[in-house]
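Inspection log for the structure reproduced underneath, given as C-alpha cells.
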Amino acid sequence: MQKFISEQNLHTLLDKLIAEGTRVVAPRMNAGTPLYEPLKSASEMVADQLPRRSGKEAFFPLCEDIMTYEKEGQKVTLKDIDPARFPETVLVGVRPCDAAAIPVLDAVFSWDYKDEFFLERRKKTTIVGLACTSADDACFCTAVGLSPSETRGSDLFLTPLEDGGYACESYSEKGEALIKGHLELFAEPGNSRAVSLAQPQTEKFDLKKVKAWLDEHFEDSSWDSIATRCVGCGACAFVCPVCHCFDIVDEGTEKSGKRRKNWDACGFWKFTHHASGHNPRDQQPKRYRNRIMHKFKYYEDKFGQTLCTGCGRCIRLCPVGIDIAQIVEEISKK
Amino acid sequence: MHPEKQKHTFEPKIIAFVCTWCTYAGADLAGTSRMQYPPNVRVLKFPCTGRIDPVFILKAFQQGADGVLVSGCHPGDCHYIAGNFHARRRFAVFRKLLEFVGVDLNRLQFSWVSAAEGGKWVEVVTDLTEKVRAMGPMTEFRELALEEQWSGAINTPELEEAYNQI
Amino acid sequence: MTTPLNYSYYPGCSLHASAGEYDLSTRELFKALKIGLTEVPDWFCCGATPAHNVDELLSLSLCAKNLELAEQVEGDLAVACAACFSRLKTAQHVLGESPVKRKQVEKALDAPLHLDGNVKHLLDILARDLGLERLAAAVNKPLTGLKVACYYGCLLTRPTDVTNLDCVEAPTIMERVIESAGATTVAWTHRLECCGANFTLSRPGVVIQLANAILDSAKAAGADCIMVGCPLCHGNLDIRQKEIEGVYNVEYNLPVFYLTQLVGLAVGLGPDKLGLDAMIVNPMPLLKEKNLS
Amino acid sequence: MTKSIDTSIYAAVSEAIRAEAQRILSDGTVTAIVGYAAARRKGSAQPIVISSADDAAKLIFTPACVNNLAVYLTKAKKEIPKKGKVGIVVKGCDLKALSGLMGESQLKREDLYLIGVPCAGVLASTVQPATELTSDSIAPKCTECDAQLPGGCDFVPPQAPLTPGQTRKYAAEIARLEALTPAERWAYWKEQFSKCIKCYACRQVCPFCFCEQCLCDRNKPQMVDTTPRPAGNTAWHIVRAMHLAGRCAGCAECERVCPMDIPLNLLNRKMAKELKELYDYEAGFEVNDKGPLNSYTEKDDQSFIK
Amino acid sequence: MSRIGVFICHCGENISRTVDVERVAREVGLLPGVAFSTDYKYMCSDPGQNLLKKAIQEQKLSHVVVAACSPRMHERTFRKAVEAAGLNPFLCEMANIREHCSWVHENKEEATVKAVEIVGMMVERVKKNRVLPTITVPVTKRSLVIGGGIAGIQAALDIADAGHEVILVEREPSIGGHMAQLSETFPTLDCSQCIMTPKMVDVANHPKIRLYTYSEIELVEGYIGNFQVTIRKKARSVDEDKCTGCGVCMEKCPIRKIPNKFDCNLGMRPAIYVPFPQAVPNTPVIDRENCTKFKTGKCGLCQKVCGPGAVDYEQEDRLIVEPVGAIVVATGFDLYNITEKPKGSMIKGYGEFGHGKIPDVIDGMTFERLASASGPTGGKILRPSDGKEPKQIVFIQCIGSRAREKGISYCSKVCCMYTAKHTMLYHHKVHDGQAYVFFMDARTPGKAYDEFWRRSIEEEEAVYIRGMVSRLYQKGDKIVVMGSDIAVGVQVEIEADMVVLATAVQPQAGADALAQKLGISYDKYNFYSEAHAKLRPVECATAGIYLAGACQGPKDIPDTVSQASAAAAKVMTLFAKDKLEREPIVARVREAGCVGCFACKKVCAYGAVEEKEIRDRQGNLIKVVAYVNPGVCGGCGTCQATCPSKCVELDGYTDEQIVAMIEAL
C-alpha cells in the first residue's frame, strides 16, 4: 500500500502514538549526541544525522535485567522478567543500513535458541524506515549490496519528497496496520519527485572472493599488519548495527541482586579469557581477525548473510582509524 | 512521578573508615569513658588510613551511606611512619573529584583522631550525623542505582515502588 | 665599556653641612669614574638616629617620602652617609613587611608608596656595580705603602638582612675596595665597635672612652690612617682625636679619611677636589711621606 | 571569529620525518618506527608501524594525525617488536605521556628514538578528517597547549609552529562547571555518564592504562559494576579519573575517541588543575620518578581535615 | 558453604545491659552461612573459651565471629583459642559490640539493632578470610655494632656475653671514641681511662667479638635477620697479627711533628702512630699523607726496625662481607667546630669568638686533653700559645646550642656539667686560678648532678655570670672578653688568659651518608630518628636496626651506657628465637597481574618492595614485577591503595573482605 504523509502529519502521528502510550523511538539529540531514544514529543526528532548507535538497541538492549534474586535468611527467591511487559514500540526514522540490519539479527536470535527477549520486542515493534539523504566517505552500504533506498527490514518506508512530506509504502501487515490505524493522516501518493538520495562512493565488494580468501587464510601473516593498530576496545562492536554478542553478569549484594544481559565485544581481552587464565585469542590480531571472519565468513556459512550493512560507524568511531572497507577491499584484491 | 513522602524522622546511615592504631582506639576510649553519641555510625577498621582506597568511599555511597567519615592518626603519629601522609594527599585530590562530579562534600568528613581523643571522636561523629540528618538522605547514588538504559527499562511495578521508597 | 652607570644621589644633611668634604669627594670621584650622579630634587632629612627613637611613624614617613622623591630621578639611589643608608633601608624593610605600618604611612603621606627602588651605599656601587677590576683600572696613583684601618662603625652592616651590604660578623668590602686602590689594610679588633655616635653632644665622656679604644686598637695594629664611611664616626674620631690624646696623654696622629677621599687620591684627584683641608688631623704630612700629595 | 592557522609547516615536517625515518631505519639505529600514514578516507591518517626503510615514504604528519602513539609502546600492545630501539613520532602532548611512562618504569629512554614534531595543533574529533585546521576545527586540548615544541627528543624538524592565542576551552568549561551548584553538576555528569556504553575505548587508548587486568574487569570483589548502567558508568569514570590523577599528561585521547562524545578530559584537566594548586605538580617533559600521589611533604595542605 | 560460629558475649552485663544478646544471637543465626549462634556471659573466661573450642569441633565450624569487646583487647585471646581448636587463627574475627555499641548507646532497641548489623558485617567479612600461615624469617644470630665508643663497646660486650657473635666496626685506628679523650668524668670525677680501658681490653679479648678498627661500612643489604654488610677495612700498612705493639717503629719514625687529632692537635705524633697509649688494638697505623715512604718512596725505616716484620707498605683496603641479623648504630657525636662554617650546613660559624684564630681560645675537648694525665701537657693546664699557666680562664656556655639563628635550636645537655667539672679540675691544678663562667642557665638534672654543680661554685670558687658574651679579641697576650651580666645589668669586660668554649654536640660527620646506607631516617641535624620518642627510644623504624648513644641525640655517659645495654637487650630478644615469627598481615603481589610500575615501591615507607625478574626457562626476561619481602613489610597496606589494578594485596585486609563489609551494611 502506497501513501503520502506530510511532515506535519508525521509529527501528529508520532504525538498521537506517544499519547496512546506507545514508545516512539527515533533519532534525537542527547547532550549533544544524536541517538535513537524514546521521544517525549515528535519535535525532538532529528532526521538529518546518523545516530551514533544503531537501531538494534530497540530489540537487543545495551543492558537488560533477565532475572532478579532475593535472599531472606536461608530462603532464596528467583523472579524472571516477564517479556510480556516489553512496551509496544514504533521505531521511526531508521536509515536503510540500520533497518536492513534487523532481519540479519532475526536469523541469529531465532536460531537453535529462541531468544524471547529479542523476539518479543521484535513482535511488538513497528519499524518505519527513512531513505538516506546524507552520506560521507565512511559509508559503504552500496558495497555490501544495500542502497540509500533499501527497504529491507522496514515495515513502512518513507522517502522524503522534494516538495516536502514523505512518500510511504508499507512492506508488512504491521506497516499497513499503522497506516490503517491513522488513515486520516495519510493521503494518496502525489507525483512529486523524491529528493536526491545519498551516493556512497565505494564500489561493490566481491563478497564471494572475500569469503573465499577468508576460508583459506585463518592463519595468515597479513592479519598482523591489518590488526596491529587495534587497541582492543569495544567501540566498533557496540556501534555496529549487526554485532550481537552479549555477556551475562550478576550484579548486587549477597542479599539481593539482578542477573543482567549486556553487550560484549570480541575485541575485548576478557571476551575469551578463561577462568584458568588461558586466553585462546590472547593477541590483538587474533581478536580483530575474529571480527572480520564473523562478518564476512562465519555468518555467511551459518545464515547465508553478510554481517555488515556498510553504515560506516565503525570507520568513523575507531579510535585508531581502522577502516573495515579498506581491509575488505584489500582482501578482495588478494 | 514520586508522590510527596511525609517527613518521618530520617536516620542517616554513616560509614566510618578508621585506622586501628589511633581513631579506632579513640573510639574505644569513648566507649570505656561511656560517652554517648548517636548510633548511626558503622565503623570499619583498617591498619592505616594509607590502606583506605577512594573506591571504598564510592562503594559506601553506592551502598546507601548518607555520610562517610575517614579518620586516622595525626600527621607524624602514624604507626607506619607515612601512611597518613599519603592518605592526606590522596583524599585531598579525591574530594575535589567528587565535588566536581557533584557530590555534596558536607557528606564526606576527614579528621585526625588520636587514641587519646575519645571526646573528639564523639564530637566528629555527632557533628557529621546531625549535619547529614539535616541535609536528608543522599538521594544521588540511590536514584542513580535505579536508572536504567532506555532500551532495558521495563516499567514493572517493583520499579515504581522502588522509586517511591527513596 | 659596558652601559654607563648612573644613579640618583641622596647626600643627607651632614654632607651639606659638617661633612661637606664627603659630598665634594663623592661627586668628584664619580665624575672621574664617569658614573652619573644626579641629586634627588628637594630631598630632606631622613630622621637619622634620633627620629625613630622619638616616633617610628615619623621616621618611616620621612624616609618613604624621600624614597618616593628619588623615584623621579632615573637610576638606583646612591647614599654616602651610613646613617641615611641605614634609615632608608630599614624603612624599606619595615614597610615591606608590615601592612599595618604601610597603611599608616600611606595615610600620613596620603599617597601610595612605591618602595622597590634600589638603595645602594657607595661601597656597594664601587665594589659590585662598578666592580673592583674596573676600579683598579681607573687607579693611576696607587696608594702603595699606605697602611689603612677600615672602620665600619655600627650602621653599615647592621641590623642583619636589612642593609645586606656585607657579612655582619666579618665584613671585608671596605678592605677590598681600598686594596684595589693600592693601599694595604691592617687587621685590627675594633672595626665594628661603636664610636659613641650621637652621644658626642649629650655625653661626650662616652665618646672619649669608646673612640679612644678604637684609635688605640688602630694604632696598635700599625695603621697610618683610618678610613670611614659615615660623617658621625668621622666627627668622633677626627675632631675629638686631639682631646682624646690629651685625656689619655697618648699620641695617635691618625688622619681619618672618607673612603671617597682615599679612592679619589688613587684615581689622581688633587687635595682641593677632595676637601682634604677640612680634616682636623692634618693628613698632608702623611701623604707627603707616602708621596701621594 | 574563526582564526586561520598556518599549516604550511606540516608538509615540511612530514618531509623531514620521512628523511629521518629513512636514515635511522637503513642504518639500523632503530628496528621499527611507530608513526602516522595516510588512510583511505580523504585527509585521514592512521597509526602505522614500519620496519623497513622503504616504508618510510608512507610516513606523514598532518592535522589529522591525532593519535597518541605512546599507547603502542606500553604493555597493552606486547606485539610491537621489542627487540632493539623503536622510533616513535611524538607531538608535545604525546611526549609528556611518554615521560610519564618512563617515570613509571614502563619504558626506558635508551630504547626509544624520539622524533619530535613541532605541532601547530590537530583536528577535533567532531570534524571530518579532511577539514582545514582553523581555530574552530582545532582540538580543544590544542587551545591549552604549552608543548608545541617537544623537548629532549633525538630529532626535531627545524620548523617552528605558530598558533594564534585562543581561549583555553577546558579552563573555561571547568570554570563554568565549578560555578554550578553540586546538584547541577551531578545532573550534568549523570546525563553524560548515562550515555557511556562501557566500550572502554577511553581506557584502551590511554597510554597510562597499561594494567594487565583493569580493576573494573575483576569481580572478586566487584569494585565497579560492569554493566553500562548509569550507576556503573559513574563509578567507572570516577575510578578512571582518580587513577590518572597526577599521571595524565593531557593528550585528551580519551575524549577524542569516546564514541558518545563524553567530555572525559574535563575530569582529567580538573585533576591536573587541583594537583597544580595543591602540590605545584605539572606533567612535563622531564621524567620524575615519583608522581604527586606517591610522594608527600610534611607541610601538605590539610585544611579540609578536622 | 561456610559454617560460621557466632558467639555473643554478655561481658557480665556491660553488653547485655543495653543489648538484647539473645535477640542478636537469634537474628544473626538466620544469616546465610551461619551454622551456630549462641551467647555466653563471659566469652573471654576459660568456660567461655572452652565453649568456643567445643563448638568448633562439634559443629565443624569453618569460621568464628566473637561479638564482644574491642579486638584491641581480646583478639589475640580468641585467636589463640581458635588455634587450639585446630582452626587457623585468622579465620576468627571480633565484632566490637561493647566499646562501639553497648557502652555508647543507652537506648536498648537502637543498640540491639546496631549490634546485629555490626555482627552481620563481621560475618560477611569472615566469609572472605583466608587461612594465613604465620610467616617465619630466618635470623642470623650475629650482630653488627657500628662505632667503637663507650656505646658501641657496651652494646658489643652485652651481646657477646649473651653468647652471640658481634662484629664491631670502628672508623678510627682504635676504639674508645670521645670518652677515651676525657680526663675525669662527672659527677664522680673518676678518671675515664681507668673505667674505660678495662672494657676496651675486654672487647679485644672477647672470643665472640670480631673487631674491625680503621674500617668503615661500605654497603648494607638485606633486612631484619638477614643483613649482608660490606665492611671496608682500610689499609693500616701494619699486619695486625704479626705486630707485638712494641712501639719501636714509632720511636724511630723521622717524622715527628704531625698534630694528633686525638689530642685536638695540641700533641704531636709520628707518621706511624697509635692515637693514644692505651689504644686497643695497640697496632700502629701509617698516616699515608704524611709518611715520606708513601710521598716520595724514600725512608722505609719503620719496616727495617720492625722485628716481627709487621710493616707492609703494599697492604690495600679490603672489602669483607659479614652476614648479620641485627645492627646497633653507636656512631657517637662530634663537637661543633666554630672555626669555619661546615660545608653545606646551615650552621653559621662564630667569627666573633676567634676560635682557631686566637690560639688560647679552645673548646671543651681540648681542655679535657690539657687536663688529661696522658694528654700532651701531662695534665697541666697550660696555654697553647706560650705554655704559661693561665691565671684567669673564661668559660662561655651554649656556643652553638640553643642558638636558633646559628642553626642549632637544641640544648646539648652535657656542657653545663662538664664545664662545672672543668672549673673544678682547673681549681685543683691552679690553686690561685680564677674561673669565670658566662651562662644562660645551668641544666644539671642527673643524679648527684646539681650537688656537683653547687660544689663547683661554693667550694671551688668558680664565678658564674648570667649573661652572654658578645665578642672577644686578642689584646697583647690577654684575651678581652666583652660580655654582660644581666643579673646586675652591667656590661662586663674580662681580660682572660684562656677562653674555653662549651660548643654544641653534633652527630659525627657523614652520619647522613651512613643513614642512607642503612635506610634509617634522621632529623634535620643528622641525629638518627628513633621509632617512638618515648616507647621505642632505642629502635629504628626500620626493623632490625637499633640506636645507642649520642648518635640519637646529645646525652651523657650514664644515659649512653643504659641505651647501649637496652639496644643489646633488643638484639638478644630478636636472637632469642631461631625463626623470626611475625603476624602474617603482610602484602603479597599477584605477579600475573603486576606490570612493574612500582607505585607500591614508591609509597612503601619500609622499603619492603623489591624488583623481581620473571624469566622463562630459556632465561630470557619476560617482565620485572614487584616482590614484597615478608620480613620487612610493616603491614600498612598503603601499597594496595596506591596500586591501580590492586595486584598487591594486604592479607587480612583484602579488598574482598572490605567490600563484603561495606555491602553488608
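First chain written, first letter: the chains are A, B, C, D and E, and each begins at residue 1.
Everything that follows uses one rule, which is that a residue touches a chain if its C-beta (ideal position, glycine included) is under 8 Å from a C-beta of that chain, and two chains touch if they have at least 3 such contacts.
Here the structure is a predicted model, which means the values were calculated and not measured.
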item: Subunit D and subunit C - chains in contact with each; value: E
item: For subunit B and subunit E, chains touching each; value: A, D
item: Chain of greatest Cα-centre distance to subunit E; value: A
item: By mean Cα position, the chain sitting nearest the middle; value: D
item: Reference subunit B; chain at largest CA-centroid distance; value: C
item: Between subunit D and subunit A, distance of the C-alpha-averaged centres to the nearest whole Å; value: 31
item: Euclidean distance of C-alpha centroids - subunit B vs subunit C, Å; value: 69
item: Cα-centroid distance, subunit D relative to subunit E, in whole angstrom; value: 48
item: Rounded Å distance between subunit A and subunit C, as computed from the means of their C-alpha atoms; value: 92
item: Numbers and ranges of subunit B residues touching at least 2 other chains; value: 59, 63, 82, 86, 90, 148-149, 152
item: Multi-chain contact sites of subunit D, meaning residues that touch two or more partners; value: 213, 215, 222-223, 228-229, 293-294
item: Multi-chain contact residues (two or more partners), subunit A; value: 62-63, 253
item: Touching chain combinations (by label order); value: A-B, A-D, A-E, B-D, B-E, C-E, D-E
item: Of subunit A, residues touching subunit E in the complex; value: 71, 73-74, 253-254, 277
item: Complex contacts: residues of subunit C adjacent to subunit E; value: 167, 169-170, 189-190, 217, 220
item: Contact set on subunit E toward subunit D in their complex; value: 592-599, 602-603, 624, 642, 644-647, 655-656, 658-660
item: Contact footprint of subunit A on subunit D as seen in their complex; value: 39-42, 44-49, 67, 71, 76-80, 128, 191-192, 195, 197-201, 203-205, 213, 217, 219, 222, 225-229, 232, 253, 256-257, 259-261
item: Footprint of subunit B on subunit A - complex, ascending; value: 25, 37-38, 57-58, 61-65, 68, 81, 85-87, 253
